[in-house]
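Please find the structures below.
In the two assemblies presented below, chain A is common to both, partnered first by chain B and then by chain C.
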Partner chain A sequence: MQGKNMPMATGKKIIWLTGVFLALLIVLGPVYMLVKYSVSDLSSINTGGEPIPLWPYHPTLRMYEFLFTDSQFYRVFMNSVIVSLFTVLLSLLLGVPAAYILGRYQIPGRKLLLLAIISVRMFPDIASVIPIVEFFIKLGLHQTYTGVVLAHTLLALPYVIFIGIGAFESIPHELEQQAWVMGAGKFQTFFKILFPLAIPGLAAAAIYTFLLSWDEFIFSYFLMFGRQEIFTLTLYLNGIKYAEPQNLLAAISVCLSVPVIVFSMMVQRYMVAGISTGSVK
Partner chain B sequence: MADVVINSFSKKFGSNIVIDRLNLQINNGEFITLLGPSGCGKTTLLRMIAGLESIDGGELFIGGKYYNNLPAQKRHLAMVFQSYALFPHMSVRNNILFGLKIKNVNKAKMQYKLTWVLNLLYLKGLEDRLPREISGGQRQRVALARALVLDPDVLLLDEPLSNLDAALRETAIEELKRIHHQVGKTIIYVTHNQVEALTMSERIALINKGKVEQYDRPKAMYDDPKTLFVAEFIGSPPMNFLEGEIQIQEGFGGVNTSIGFLKLDKDRAAKLEAMSGRKVIAGIRPQNIYFSEHVIRRRHTDTSLDLIVEFVENMGDRSLVIGRTRNSIVMRFMVTRDENITSDQKMPVFIDGRCIHLFDTMSRLNIFNNDGSI
Partner chain C sequence: MNSQRNNHFLSETLVSTGVWIRKTWPLLPATFYLIGFLIIVFLYLATLSLSNPSAGINFPSLKVFSELAHDQAFVDALVNSLLFTIAGTPLELLTGLVFALMLYRNFFMRGIVRSIFLIPLAIPAIVTAMLIYILFDFPGGHVNHILSGSYPPFPQIISEPLNWRGSGLFALSISMLGKVWRDLPITMLILLSGLNTIDPELFDAAKTMGATMRVRIAKIVIPLILPSISAVVLLRSVEMWKEFIFPFVLAGRYRLLGTLIDFYYNNVGNSHKAAAVAMVLVGCILLSSFILFILMDLLQKVTNRR
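After this line comes the complex of A and B, so read on.
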């Protein structure tokens, strides 16, 4: 905490800045490449032996225009957004209460429950997908948004619960007890004390869940197969041919990344480190 | 009215008996201290009163009402935890107002209370800070403020000053005394710092292994320890203890110890005749052993003693001298600081016979002020 505001020796500063610069280069290099290709005109890609320029000769947003006027891509994109957001919502709705109970109470069979919860993720998706999809078909949930959201929730829930347990567990018991002594009931204590203090952890879980759902292919594939209009981005990509021009692929990739980045940035505001600092000595 | 009556409290953690048939009565508006060594059960007792720990045996009455089964939310007590337990995501203002909001107090009254407590505890200007943005002493005052605005029947304070430096602690003690004077609440204060206990409270309950050893005014705890444990615990530096036997020598009642025969004052000596031969432990405070050169008038119940100085410990305004008798018994006593004392120096001292405490070797009880022991 205190180290943040400490002045640094110049030599040390230079080393640090170099390090930061290199790290940025490694992280942002591919991003730059993607963006560059996505706004390239064909002459900047097929240069006929000339080295490929650092920035396209005639930058253009044509690929994006094409993508978003293509009704299929637009629908697929929105499907992904909807499925991911609802997955996040449902996972938190189910996961937070579970994490609260498991993190704050010594209920009998707690260890077994935890094991059962994590067991969902102990099999490779490819092994569990068949029985689960079969089950969903019986329930009439295949080829529906609900089915995909439920499946993704199933996959995300163990993580949400485990991250949530950590978040709730780390809140000092005395904060809760202090609230009780001051007259707050269990619900008030949860909503005014425990939940706000667990938010940083839960935000991390939300980002993770969004990513998981956004990226998910296997379950989506089996559940949505045969109903094009609910396809998500991963299924759409599956249908893309290798022959597509590079700039189109790059534009698709950018479109794939932007929502994740936007969502993460929105949620990250809640991931303040050290939220409990100053509460107990 | 918020008198607190604790009848035969018991608490077990597993097979470990932490509170053992403990009795305590606190008058309405009284400021008492629970004092005792680490792990004696002070926090547990406080938590039982607050409703955070179940009462395994015994009864709790506050203001005449039976409290055993009342949940913490309904006890109308306020507690300041040893750790402060400030809500880290709330500003100082919201921390202080939390309890009032829960109780749906109207805005005007909340504002009034906030202003009152901010002034009382010198917290003005900090309302919008988060707990992590204020100092330790300020946090402690916020914790206290949060408890005070609730207008609780009973205020439970668990070592609220334990992490403050000496100077801050002094100020805090002053403040607490002033607050108690102003608000007149029943206060149960926990500490293992006896200076705090002796300076602040109207009565002290010294707890040992989950039982009350003695419950008395600070002066009585100091002057008339009822058990050897109390004598060992209260007072600093600690008492000198000598094993001995009650005897009557040349018409004086006293105790024969390894450093010689110690005479007692007349009143008590008279009671000793019936106890001749009884094995006792004599306790003498370092403050009750005097450097002979400095005292003009002596009593015939004083016992003289020659000590060789081993070393001198500077304690600020006074010094603690550690000396040995001819037969190498260590005795500690106090002198004023400007005394020029060096090691190996010979010092004639005398022990004030009125200030020798006698405890039965077996029962460890004070042989004079415990009913039935004489």
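After this line comes the complex of A and C, so read on.
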């Protein structure tokens, strides 16, 4: 262990490089396998006792072709999109005004409120899911899109508020004061000055919420259990794991992961900041 | 006189509450939403776990918990969860530390390598679980082929393929493997942020004074990133207790507390027992966090004294 910029002896450099190479292998190996399985033909999976090839004998995109023309997959995919988009909408509708107040004003009880907001995420999902399902059964929201959207919003809202607070806090107070001096009301100042400036941060919050809802499993599983026609991608993938060939499972997994990987790279800065402060799981 | 004072106090409180609401009303929908759900969760958990009308147990009673204590499935799940947390937390800490130490140095394409190291976090947990499901398939999965020596230069370690999902130890081990792989970036980033706060000149000075790598890690790195290590231990142990997806996909009947909740609720149809297990899970998390907090605090004090 030495300073960040101190040159290393050749022997140590080789050890360090080998370590980095192995680490990259550990991280990328499984991702490669996922892609490899998704383009594998059946003879590269059912090898009759022979070792499974590290690259398929006859790589094919047949599984993807099948998925993109399969009406059932299309329905499940659209279910995921609908649930995720409505979760984003509701989370922003509730979260942005809250983030604005918490980010711009020093109101009494602010710290207590922030603690209450984050404590929602500290509670284990698997422990809170039973009460919520029971409550939704009473309201007639069990096995409905609305129920799932409401539950996902509950999970996403603390993140939207925390990311939103950061976005609103970073806007200089002078801008707001100048608008007031020039006669703009609170609403005008918010919609014409603060909101447009906070959009990059709020976009990150929206993407983060979309991803959270897109790959959420526990609430979707408990709330949709028994009604296949509203299943999201995560539930569909779990439901077919015993029946379908591995290349199809891998292709569905890739379809489920690609949006997450792409969007995660876009909001990496916010995720890293969230992890460093302990607010992201 | 007293009633006048009370009325005055009441009207003042109402006015100040009114002012607070007028100032902060945009905050209220989100606050009511979150706190409303929090109240519902606590209320329902308490009501469900402390009663079971269909079995003649009226609220409030601890009978559901006493029934649970005599249930072998619950005892097994509790022990499994405890072992999962005890083994998984240090494993996450260790792998995260190794990855963070690698990224600590400035090197060519460090940013790209860091982005690559973040990939597991971007892959949905259910996908990682499914991938492990495929790789550890029995009898013909990739891992069985590797361990059978089918891919030189890997040596042969097993003579017969292992049924990874057919034994409690293996099934929970591969579940832990998946969990550690997916959470690796979080642990790594927390520790890396701790490492970045250390003055690099400290290492250079220690090296100049002849301290070996082991001494530098033990006497400089570990004590100085102890707050980050404490954060990792606390946060990751909570995550280990809460784990659901990996054992759900990979471990089947070898349950943790999380998957036992699913079993009681969706398979047995007993929401009261499921709620009681949820309460036990919350209790375990609070107790283990408290113990770990005390231990880490003690460790920090001992290290500071040295």
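Criterion: the second predicted complex is superposed on the first by the 191 of 281 C-alpha atoms of A that agree within 3 Å, B and C clash if a C-alpha of one lies under 4 Å from a C-alpha of the other, contacts with A are read in each partner's own complex, and residues count from 1 in each chain.
Everything that follows uses one rule, which is that a residue touches a chain if its C-beta (ideal position, glycine included) is under 8 Å from a C-beta of that chain, and two chains touch if they have at least 3 such contacts.
What you see is a predicted model, and the numbers here were worked out from it, not measured in a lab.
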Chain B versus chain C as contact partner of A:16, first or second or both or neither: second
Chain B versus chain C as contact partner of A:24, first or second or both or neither: second
Chain B versus chain C as contact partner of A:256, first or second or both or neither: second
Chain A residues touched - chain C or chain B, whichever exceeds: C
Which superposed partner A:128 touches (first chain B, second chain C, both, neither): second
Which of chain B and chain C A:184 touches, first, second, both or neither: first
Touched partner set for A:193, first chain B, second chain C, both or neither: first
Touching both chain B and chain C, residues of chain A: 275-276, 278, 280-281
Parts of chain C lying in touch with chain A, wherever the complex brings them together: 20, 23-24, 26-27, 29-31, 33-35, 37-38, 40-45, 48, 98-99, 101-102, 104-106, 113, 115-128, 130-135, 137, 140-142, 145, 150-151, 181, 184-186, 189-190, 193, 200-201, 203-204, 207, 213, 216-217, 220-221, 231, 235, 238-239, 241-242, 244-245, 249, 258, 261-262, 265-266, 271, 274-275, 278-279, 281-282, 285
Of chain B, residues touching chain A in the complex: 50-52, 71-79, 81, 83-89, 98-99, 102-103, 130-134, 136, 139, 146, 150, 163
In the complex with chain C, residue positions of chain A that touch it: 1-6, 16, 19-20, 23-24, 26-28, 30-31, 33-34, 37, 46-47, 49, 51-52, 54, 94-95, 97-98, 100-102, 105, 107-108, 113, 116-117, 119-120, 122-135, 153-154, 157-158, 161, 214-215, 217-218, 221-222, 225, 234, 237-238, 241, 246, 249-250, 253, 256-257, 260-261, 264-265, 268, 271-272, 275-276, 278, 280-281
Chain B contact footprint on chain A (complex, rising order): 172, 174-175, 177-185, 188, 192-193, 196-197, 274-281
